[in-house]
Every structure is written in structure tokens, then in C-alpha cells.
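Dropping the structure in here first, questions after.
Residue numbering begins at 1 within each chain, and the chains themselves are lettered A, B, C, D, E and F in the order written.
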Amino acid sequence: MEDEYEGGVVKKFLYVNRRAPHGTVYALESLETVLIGAAFDQDVSVLFIDDGVFQLKKQQQPEGIEVKNFSKTFRALEMYDVEQLFVESESLAERGLSEDDLLVDVELVSRASVHELVDQQDVILSF
Amino acid sequence: MATLNIVNKSPFEKRTLEQCLSRIAEGDSVLLIEDASVVAVTGTAYAELLSGCAQKLYVLSPDLAARGLTDKELLGTMTAVDYPGFVELVTEHERVHSWL
Amino acid sequence: MKIAVLVNEGPYQHQASDSAYHFVAAALDAGHEVSRVFFYHDGVNNGSRLTTPPQDDRHIQKRWSALAEEKSVDLVLCVAACQRRGLVDEGERERNGKDASNIAEGFRISGLGQLLEAGIEADRLVTFGD
Amino acid sequence: MEDEYEGGVVKKFLYVNRRAPHGTVYALESLETVLIGAAFDQDVSVLFIDDGVFQLKKQQQPEGIEVKNFSKTFRALEMYDVEQLFVESESLAERGLSEDDLLVDVELVSRASVHELVDQQDVILSF
Amino acid sequence: MATLNIVNKSPFEKRTLEQCLSRIAEGDSVLLIEDASVVAVTGTAYAELLSGCAQKLYVLSPDLAARGLTDKELLGTMTAVDYPGFVELVTEHERVHSWL
Amino acid sequence: MKIAVLVNEGPYQHQASDSAYHFVAAALDAGHEVSRVFFYHDGVNNGSRLTTPPQDDRHIQKRWSALAEEKSVDLVLCVAACQRRGLVDEGERERNGKDASNIAEGFRISGLGQLLEAGIEADRLVTFGD
């Protein structure tokens, strides 16, 4: 298995998602990296800010543009032991969204506290 | 002499939408496609700006649906079109200006 | 009506290439003539026959090539953009001493003049990009 | 000569430049298209708005990032009969620039009048 | 625990710079590279925002020079670095956050 | 110090690939170890040997390949991104039934695990993109 890691080091990884899904490939690739990263037994958090919150929006129907509805995969993250999904409240509010609009349970964080999450990390992956 | 202006980026990410609106003629139209479609609905920080526009506003509905938003939530000033409607808009206007 | 289309981004990274395809398909369905699709900048990457997208994903290059074959749409890749990005047909392969080509069926490589000509001859030019 | 056009049709082309040079390839490619387009004997105008005004900034020194200083080519546009360079005043002012900062003589236009220029065009090329 | 935040887009084009500044810690640093370098100088619409920052601000000077701007016009709160200086910033901070 | 670099954009279109190169060169000059450069998304387009940029322009692919040869920098292209964009080595050519390969000297194709491993093993990860 090329995608496993036996080094024994555990680092804190933060995935930062700032873009709407489908307009660019980054949302899809971020999810892909999180899933593959699960085999590495690292301490993973995923943060959704700015247009990244649209990635978690319920009822995405991308059939009309002929792309995969990968948003359902967010529901599977729990099985991969990725349970730390953070969403910024202000980003939701600016877009007219609330927690009820999201596909999965998340932890809400305020804009002012985002840096506290970042300060704990070893590696930041931007998508 | 009307122009069809196309904006494809979310105004939360890029300033293109405002940069477009500040320069176009009153009789022009604006079509929101791709990530720009996220502000076609009510309740966003751009609802007021878009509700006060003199121009005709359109959104590409397959792009809206892809992002989990529906035609039912559209701003009163916004008309949803599908790809055939997009083609019609192109033919009905004198020229197309893509704000990239 | 005669419509020309300009595509500035490659496949999969940005939606631009998808949007352009769906627009062209709809224009043809409505009975319009799509006189040319010009691929510029990273847009030339649409024309590589070496892509193998996941089986459950759309095959962007094949979709374009099918339009060329079935609807005779002229798919033109900008030669200077191709040289910077490594899109090569047989002529370019020989001229630049390369050991392989990678351009797909239905695409041809030509100069920027083809974009200007398309702008002059078509009734509308529609641009898709980043 | 593949890059000449014998059709006799003369259309009004507007090139719209909205990005700073060097961060992306668009500024270079726009200039390239204008130069090649000169052989087609069309009625060409070039508009610089938003960060596009930086393309005309004097004293660009891109040697440190190993790219060509193509800005000098703007001075050659006159020889190609491309004399209609329009720059938006507000875009200059927001960036702390004035006409003296520009490499070539331009015609200043106001933001409110940009649409008058656009309204005259047959084809708009965005870079 | 400080973070080096990198911004590469002009705030006239994308909102990244403000989105970054609204979320980072006081002890953090921000490095402007590529097109973001255009606001490192005096006289722009972003001079006030950047002059009032608690964070340490840096700009990559080869990117500044490429755009016809010089170190002499820098905002008082801005420090110019070359590529070796960029590398030093990376090593001196705990982590790097590229705001893409 | 051990530094890993992530490149998300292809050559010439965006400055990201140039910035990454100059950063890596400066880090090596300063005596740091650049353990890996991982090319993701359109970044994989940096690894095509079929590019022929104008003679007075920088040759981005050759610059990277020289770093691999002279400084032993590990240049890794993401396999899934390569498949979507048509970057092919001999193994991928056979596996996917393609008739040509186009990967340049000094680059290798591997999985996303190589990015995560780089993040774990390096002291810093620096990302360049759009």
C-alpha cells in the first residue's frame, strides 16, 4: 500500500476550504486528500470559511452540469475518523445560510477565533 | 446597442461583479454563471446591491442547482435561464462582454 | 446565427471548459452555427488525447472531439500557447524536434489569427475563462 | 501569410485589460493578440481598467523574476496603427497612480463613460 | 506560535487580503507576493488598512520591482524582502498559511 | 531545515510555478533541504517534456528538471491529476493503453500520499497556487 505511512509521527493537519464547489476542482480535491490522508493516522481538522461553506450545502444537484455530486461523501467522513469539521458562523450568515442548510454536523467557530484553531496546527493545506 | 455581461466568479471571492456593475449601461444585462450564481438568491450580503440594479439580471439555473440553491429562492430582480436561454440571451444582445 | 467561442482554461481545474461545452452544445441544438471554438492560454490543454479521467467522470476531451466529428465544429488550439504548454501535433513534433505528439482527434493547431478571424466572421464571440 | 485577412470586413474590436502584469500571462497575451491583430486591419481600441493599468506602469523591472519586460512593446503600438489606448481615471487614482506614471500617451476616460466605449464595439476580447 | 500568511492576489481583484487580515493573530506576519505586491506602496486605496495592521507586513521585492514599483515608496509598516529573506521568514515562523 | 513545497498551477499561465521555483532555489542556496516538490491540480503540467517556450523566455520544465538532477530534489506529480490532464510516464502509458508518454526527466508520478508524507516529514510546507 503506497498510501500508508509507518513513521509513527502524528501531526496536526488543517484543511482550509475557501471556495464554492464546482466552479473549480479544489473542493473535490480537498475531500479526496482528506480521505486518502485518513490512512496516515494524523490529527485532521477541516475548516470551511468564505465560499467554502457552500461545499457543505444540502441539495446540491450538479447533474445539469454533468459533474459528480461528491457532496454526499462528506457524510462518510465520520467513518474515516475525520470528525472535526469547523464552519465559520460569519461566512454562513453573509451567504444567507444557517447550520440547518448543511449536510453534516459541524462545529461553528467565530471569525475572531479562527486563528486559535490555526495556531494549533503543524501543517496547513489550502484548497 | 445593449451588451450581455457575463460574470462567473462569486463576489465574495472576486470583485468582478461590482467592477462590472459600476461600468455598464442601464439597458445592459448581466448573466451570473458558475460560482457567481451563489448570489442570485435572497438573504446574501449582495441581495441589496442586486435588488437595486437598473440592469436586467439573469442566473444560469444548472449552476445554481449544482450549488444546492433553487429557483424558488431567487431575488425578485433575477430571472433563471437554462443553457438554451443562455444562447438566446447571446443572440438577443449586440455583443457579449465576459468579465474575467 | 454564427457564434464563435473562446476557451481560456484547461479541463477539470476550472468550470470554464465545461460551461463552454454546454453552451456550444445548446447553440448547436438551437440551430445556430458554431463556426469555431478557439482554445487559448491553458485552454489548449483541452486538446490532449492522453487524458484518462475517472470512469464515473465526464471525459472532457472526448466530448469536444465528438462535437468536431458529429457537428463539424472547428476546434483550434493557439500554437504559441501549445508550445508553452506541450501540446504537439505531428507538424509541431517534427518542427520542434520532439519525440511524441499528444493532440486529440478533431483539434488542430494554428495561429492567433484564427481567433481574430473568428471574431470578424462570427455574429457573436463568447468567452469562457477564469 | 496565415495571419492576414482578406475578407474586407472591418469591425470594432475592444481589448479589455483588467489584470496586473506578471502574476498571470494575460497581459503578455493581450499585447501579443493586439500586435498580430494589426495585420487584420480592424478598428482596434485597448482599454485598461482595474489592475490592468499596472500594465502601462513605467520602470517595470521583471529581471528579478526572470520574465521578459514586454512593457516596452507598448511604445511600439503606434507603429502598428494602434493608437487608441484608453485608461480609466478612477482605476489610476485608487492605485495611487497618475498619467505621468504611464509608459505611453493614453486617453483618460471616467468610470461612468466606459460603457459608451463598450457600446460602440462589435467584439470584446477580455484578458 | 506565529504563522506566516502568504497572500498572492491583488486586493483590487480578490478579497483574499482582507479575508486573511480579518482572521489572523496579532503576532502573525503577512507576506505579499506576486500581484499582491501592488498594495505595498503609499497612495493606494489599501494604504490605510495596511498602515493600521497589528501584524508584521512584508513584500517580496522582485515582485514589486517587476510591477514598476520600488522599495522607496513602501508603506511605513512594510518591510521588503528578497527570495533569501522569504526563505528566512518561512523558517522563523511555526507554519505557513498560503491564502489561495 | 527540511522544507516541502506544493505547486498547484501549471507553467506560464500563473506566476505560482515561477514563485515556487525561485523559492526552492533560494532555500537550497541557503543550505536547507528541499525534501520534495509536489505538483497537484494543474501543477502537474509543469512536468511535460513536450514544451517549447520562445527562445527568449524561461524554460520552466527544464529549470525544474535541472533542480532534480543537480540538487536531487524529488519532483512528484499527483497521479490522479495527471490522469485528468494527460501527463503520462511509461507505466501510466501501458496501464491506460495510451500511445505516447510526455513526462520530463527528473519528475515521477505517484499518489497523494506523497504530499501527506511530505507534510509529515518536513519542518515546513509552503504552497504556491492561484
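Convention: contacts are C-beta pairs under 8 Å (C-beta built on N, C-alpha and C of every residue); 3 or more make two chains touch, one makes a residue touch a chain.
All values reported here derive from a predicted model rather than from experimental measurement.
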item: Other chains in touch with both chain B and chain F; value: A, C, D, E
item: Approximate Å spacing (C-alpha centroids) for the pair chain A, chain D; value: 41
item: Euclidean distance of C-alpha centroids - chain D vs chain F, Å; value: 33
item: For chain D paired with chain E, centre-to-centre distance based on mean C-alpha positions, whole Å; value: 28
item: Geometric centre distance via CA averages, chain C-chain B, whole Å; value: 26
item: Residues within chain F bordering two or more other chains; value: 12-13, 15, 19, 22, 41, 57, 80, 125, 127, 129-130
item: Residues of chain A engaged with two or more neighbouring chains; value: 18, 22-25, 50, 65, 67, 122-124, 126
item: Residues of chain B touching at least two other chains; value: 8, 12-13, 15, 34-35, 62-63, 82, 95-96, 98, 100
item: Contact pairs between chains, per stated definition; value: A-B, A-C, A-E, A-F, B-C, B-D, B-E, C-D, C-F, D-E, D-F, E-F
item: List of chain D residues in touch with chain C within their complex; value: 2-5, 7, 9, 11, 13, 25-26, 29, 32-33, 36-37, 39-40, 42, 122-126
item: Footprint of chain C on chain B - complex, ascending; value: 6, 8, 33-35, 62-63, 82-84, 86-88, 90-91, 95-96, 98, 100
item: List of chain B residues in touch with chain E within their complex; value: 12-15
item: Residue ranges of chain B touching chain A (in the complex, touch as defined); value: 8-10, 12-13, 34-35, 38, 41-45, 47, 61-63, 65-70, 82
item: Residues of chain F that touch chain A when the two form their complex; value: 6, 40-41, 80-81, 110-113, 115-117, 119-121, 125, 127, 129
